[in-house]
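Here's the structure we're looking at; comments come further down.
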Amino acid sequence: MPTPVGIVGFRGYSGAELALILERHPQVEPVLLEHRDAEVRPQPIGHPGPLRQKFSAESVRDAGLAVVFLATPPEVSMELTPPLLAAGTKVIDLSGAFRLGTVENYRRWYKEPHQQPELLAEAVYGLPEFYRSQIPGARLVSNPGCYPTAANLAIRPLVESGVVVREAGMICDAKSGVSGSGRKPSLKTSFCEVADNFSVYSVFNHRHVPEVLRTSGLHEGELSFTAQLLPIDRGILETIYFRTRGVGSADDLLEIYQKTYANEPFVRLYPAGQAPDLRAVTRTNFCDIGVYFDASDGRAVVVCVIDNLVKGAAGQAVQNMNLLLGFPETTGLLQRTA
Amino acid sequence: MPTPVGIVGFRGYSGAELALILERHPQVEPVLLEHRDAEVRPQPIGHPGPLRQKFSAESVRDAGLAVVFLATPPEVSMELTPPLLAAGTKVIDLSGAFRLGTVENYRRWYKEPHQQPELLAEAVYGLPEFYRSQIPGARLVSNPGCYPTAANLAIRPLVESGVVVREAGMICDAKSGVSGSGRKPSLKTSFCEVADNFSVYSVFNHRHVPEVLRTSGLHEGELSFTAQLLPIDRGILETIYFRTRGVGSADDLLEIYQKTYANEPFVRLYPAGQAPDLRAVTRTNFCDIGVYFDASDGRAVVVCVIDNLVKGAAGQAVQNMNLLLGFPETTGLLQRTA
Amino acid sequence: MPTPVGIVGFRGYSGAELALILERHPQVEPVLLEHRDAEVRPQPIGHPGPLRQKFSAESVRDAGLAVVFLATPPEVSMELTPPLLAAGTKVIDLSGAFRLGTVENYRRWYKEPHQQPELLAEAVYGLPEFYRSQIPGARLVSNPGCYPTAANLAIRPLVESGVVVREAGMICDAKSGVSGSGRKPSLKTSFCEVADNFSVYSVFNHRHVPEVLRTSGLHEGELSFTAQLLPIDRGILETIYFRTRGVGSADDLLEIYQKTYANEPFVRLYPAGQAPDLRAVTRTNFCDIGVYFDASDGRAVVVCVIDNLVKGAAGQAVQNMNLLLGFPETTGLLQRTA
Amino acid sequence: MPTPVGIVGFRGYSGAELALILERHPQVEPVLLEHRDAEVRPQPIGHPGPLRQKFSAESVRDAGLAVVFLATPPEVSMELTPPLLAAGTKVIDLSGAFRLGTVENYRRWYKEPHQQPELLAEAVYGLPEFYRSQIPGARLVSNPGCYPTAANLAIRPLVESGVVVREAGMICDAKSGVSGSGRKPSLKTSFCEVADNFSVYSVFNHRHVPEVLRTSGLHEGELSFTAQLLPIDRGILETIYFRTRGVGSADDLLEIYQKTYANEPFVRLYPAGQAPDLRAVTRTNFCDIGVYFDASDGRAVVVCVIDNLVKGAAGQAVQNMNLLLGFPETTGLLQRTA
């Protein structure tokens, strides 16, 4: 019998993607938890979709939900997490509420005091490739941001291996599809503003920077991160520039990745001098990485792509759920999602 | 010395297009009239754009504005028109406020009582190809809707000539870019909802239907009109289906158009069996028409394209302004707009 | 043990979609049959994808392929089908080679003599909703065209039920994404020609018209079909106009569809006055239908959407394969494809 | 009387843009020179467009063409330039044939021997902001590449001013619309390959790199340049990263640009911490620049945008023509182009 799991915020893009993945997951049954109202698309007759019920701590307990996903803004996640944990369910939060480790860090980047300092300290950062062992025992998993997922998967093995000339800095020039900005209508995400356009929207000061610093091993000032808006629905491509020491070829860099990711089901590497495009990973939970190297002076470029709604949100959340509930980690994640 | 003219609603898509056209119009100087606040895009240093001033009837009079364009919602147009006329300026209204001729018609399609019945009766419908003679003497020009501009230019010559089998009905299958829905953010015009999509949004009941009926000569029930949303910024293409009597070839139909539009600077025709695509007219004030005919049974298809923001809104408004102010009708309208 | 099945033309868009579906089909194992060379996208290391082998009748026989899909141009399909059948495999052809029933029909619409008249006569038209019983016993299944799949599913129940005023004609205004034109580079499908554009490309004379006539029950002259190119990757929406007799409401029309499709897993209906958009079916094998009705005079509009690469090509081909091989008809087809 | 000027390659995207600009240029009359055949779009009746004639050195001389634009591949430009110069016309070449200064450089980056070494040495590099004085007297102007135009305008003032820490390297992460790849159909520029996608296509080895090195003042190894393909028609945005010395604020950097470009009509600057998006310059001859600065450690980011077909090709070519023929430099270039 499938395990029931809940989704709050199922009308947003990450939440809707979660529902699609979980509907086809063989071991769980999703329940959509109505927390606020929102428009609904026309539905075909006789295809009601997943179960729905009003959200409350009691209804969650009564339904025996093993896990509840919060695809909600940080302030809502901070409000809903304590009663859910008290009701005995585990929480996977897709917002930034519990990602930054300290209240100081949160206040600096989110410009608000944190409402749940103890939970912030308790939360496990749900990037399985680096924190897998901590996830099964967690009550609260903080699902990583989309940009940091790609950046950390690309950068951390390099920093750990010591090949990066850190004093020269690493540049992460990041481009994302529009769904990363959420479903709430705004001029910035209106079709006529985005179509036929490309824009820089955050230089030096994106909220995702501290997530990269926490996990990649880089220190502040060593990372220059720019967020840019692609006129497409979904997908992130990050072009990462750095100078190397002790590296003779692109294959040396590839070897670092191959060692780190030898047993990782969702990280794929490309032959030296080839890079994935966005389409390589769209609607999948894969993170694909390609490497370029200029042997004359040791400059390197790494290209890293993910789907911001899958490996960058809902897919990774299901990966974390699989770990929490003891299912094989790839369950439900080897097919296209949406 | 250029004539000053005002624009209310210059941040909306039609209003912004108006500002672009008028900035390069050799005979006028646009003044942007601040009526409500809205976000502003970053501007380059030292390129301030057109003059701006707060909107009020007095400021309009003091500035000596010969014409004020209202690129505002119908209720705002109904509110602003009387004081403007009282201040001695002429008004070109781009909303639906004054298009439908009677208060009954307005109430039926706009679901509200009309606030200015006398002005509704007085307003001249600003489709120069058919009402040119009435425009120079008008105080209030009601600029046509985007869909009706294309539909009336395509349909009226056919109906007038008697070749349409009206009892079989005319079908106008219309497709529009997203800018036709205005700049106000909404889920329906959000990038992630529109991109990679195509949708029907109004069948039988679009507000533009009565405008087509008033001008084309068709009666209710003879026109089936469907509005559909293209995943592009701008442009309208209408595919029009009907059965003919007394027609032997596509050239017979073309001849009807050629007679009607022989001296029209903004209507262009294509050789029989060829049709314009949207790009043929994008960012221009042209309306392009192509004709297909099946000689075996007299079925015909007409394809008609305009740019909804130009011939369907701002360009036609400038065409009307040229007529109102006695300038050559094509002034400022033979270049790309945006 | 999975049944091996082959794909010729796996680099084209329909063929690639087939490969994606079949890779996740639990009962078969796809083999890519190399027939001609073409560019290949970069592939991640260690993810080789499906098996590949050179195409030949012998290799097909040696590999014990139960079915071979031909995602090839009609002339190639006509050439490859006889040796495949001789080798004892069944063939599902996705081209137009075997769809039109008679050599006269083929010559008229494809402008070439047919090379395999006997196979043309033998081929079963693979639209399961109407020809299900003939498929399991067939050697050669002719997979329907994309436009006709949607058109026939929408039109045939109406014509059969007698509610269509046929002498007034039915209009099928069809819009398709670019993948329907195939993967071979051409100016017409170049990004810069298609983006921000919309165009009519076939009026009265599209090759898919005779497929609709054969199956829908309409006679020539009763159907006006226009093909138009949407600036999107995939998806077909058809807006169908007709006059009714003996119909009182949209629900009367819905009831006709509900009777016809009560047990069909891939046809979904919408409440009266609602229509699916393209996204409702993208990357699925569903055909979604919505109905509008004007009770004042009996005019009706039906909106029908499919994904041209799935229900309009590869998905329907797998549906036919399931029938040919005795698997449950929906096997492998209830997930997103690509 | 307007001066006649010729265009070879008017069907390509740069050539077509040239024709559009020159048609509205008040001082010249364009003549389209037929050199090779290509498809033509349907044209409206009675709107023939510019004059056309067969290309030959004699026809050019007979027509009294003051300037001929070559919007052709490098090998065609090398072939056509000598007879044109011999015929007494001036040549503005939009290809890469004459941009790299030396035959060694050309051979290294274009993988072919140069056919016209003397003309290569003679050609003036047509970036008016830096080489204005050399242009009026030139016989052969080599119009800059699209990427280098943006890169040189953004980088050279910084390098000249000495604020760049050159040993840390400059990164130019460049993104371009598809029209930069030309009009010839190819899989890489097919709609279904580009739409919903984003890809890196040239790392370290793009042919435009030596043009940036020649003009910016950077040495090889100091510039890391990556070319990437945006799913849009036109526009280039370059995000440029570097470390500074002796800079206290973004305004210090802006001041460098303001001094350099004080009298430049086509370079616009933004207030510190703001950047233009692509739309700011689409269909214009402007180059817009914005500056970001991190005062804590002197890292800087510059964002530079142009329209690849205008300031990056046809517009700049007309700017060069204006200089060659003694017209005011902005003639015909202060309106939208296409």
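Think of it as A, B, C and D in the order they're written, each chain with its own count starting at 1.
To be clear about the criterion, a contact is a pair of C-beta atoms (placed from the backbone, for glycine too) under 8 Å apart; a residue touches a chain by one contact, two chains touch by 3 or more.
If you're wondering where the values come from, they're calculated on a predicted model, not measured in any experiment.
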Reference chain C; chain at largest CA-centroid distance: D
Chain pair with more C-beta contacts, B-D versus A-D: A-D
Between chain C and chain D, centroid-to-centroid distance (C-alpha), Å: 45
Between chain B and chain D, centroid-to-centroid distance (C-alpha), Å: 37
Separation of mean Cα positions, chain D and chain A [Å, integer]: 39
Overlap residues in chain B, where contacts from two or more other chains coincide: 195-196, 231-233, 275, 277, 290
Residue ranges of chain D touching chain B (in the complex, touch as defined): 20, 24, 41-47, 196, 268-271, 274-277, 280, 283, 288, 290, 334-338
Parts of chain B lying in touch with chain A, wherever the complex brings them together: 13, 39, 178-179, 183, 185-187, 189-196, 231-234
List of chain B residues in touch with chain C within their complex: 168-169, 171, 173, 175, 195-200, 203-204, 221, 224, 226, 228, 230-233, 235, 237, 239, 241, 243, 275, 277-279, 282, 290, 292, 294, 296-297, 299, 301, 303
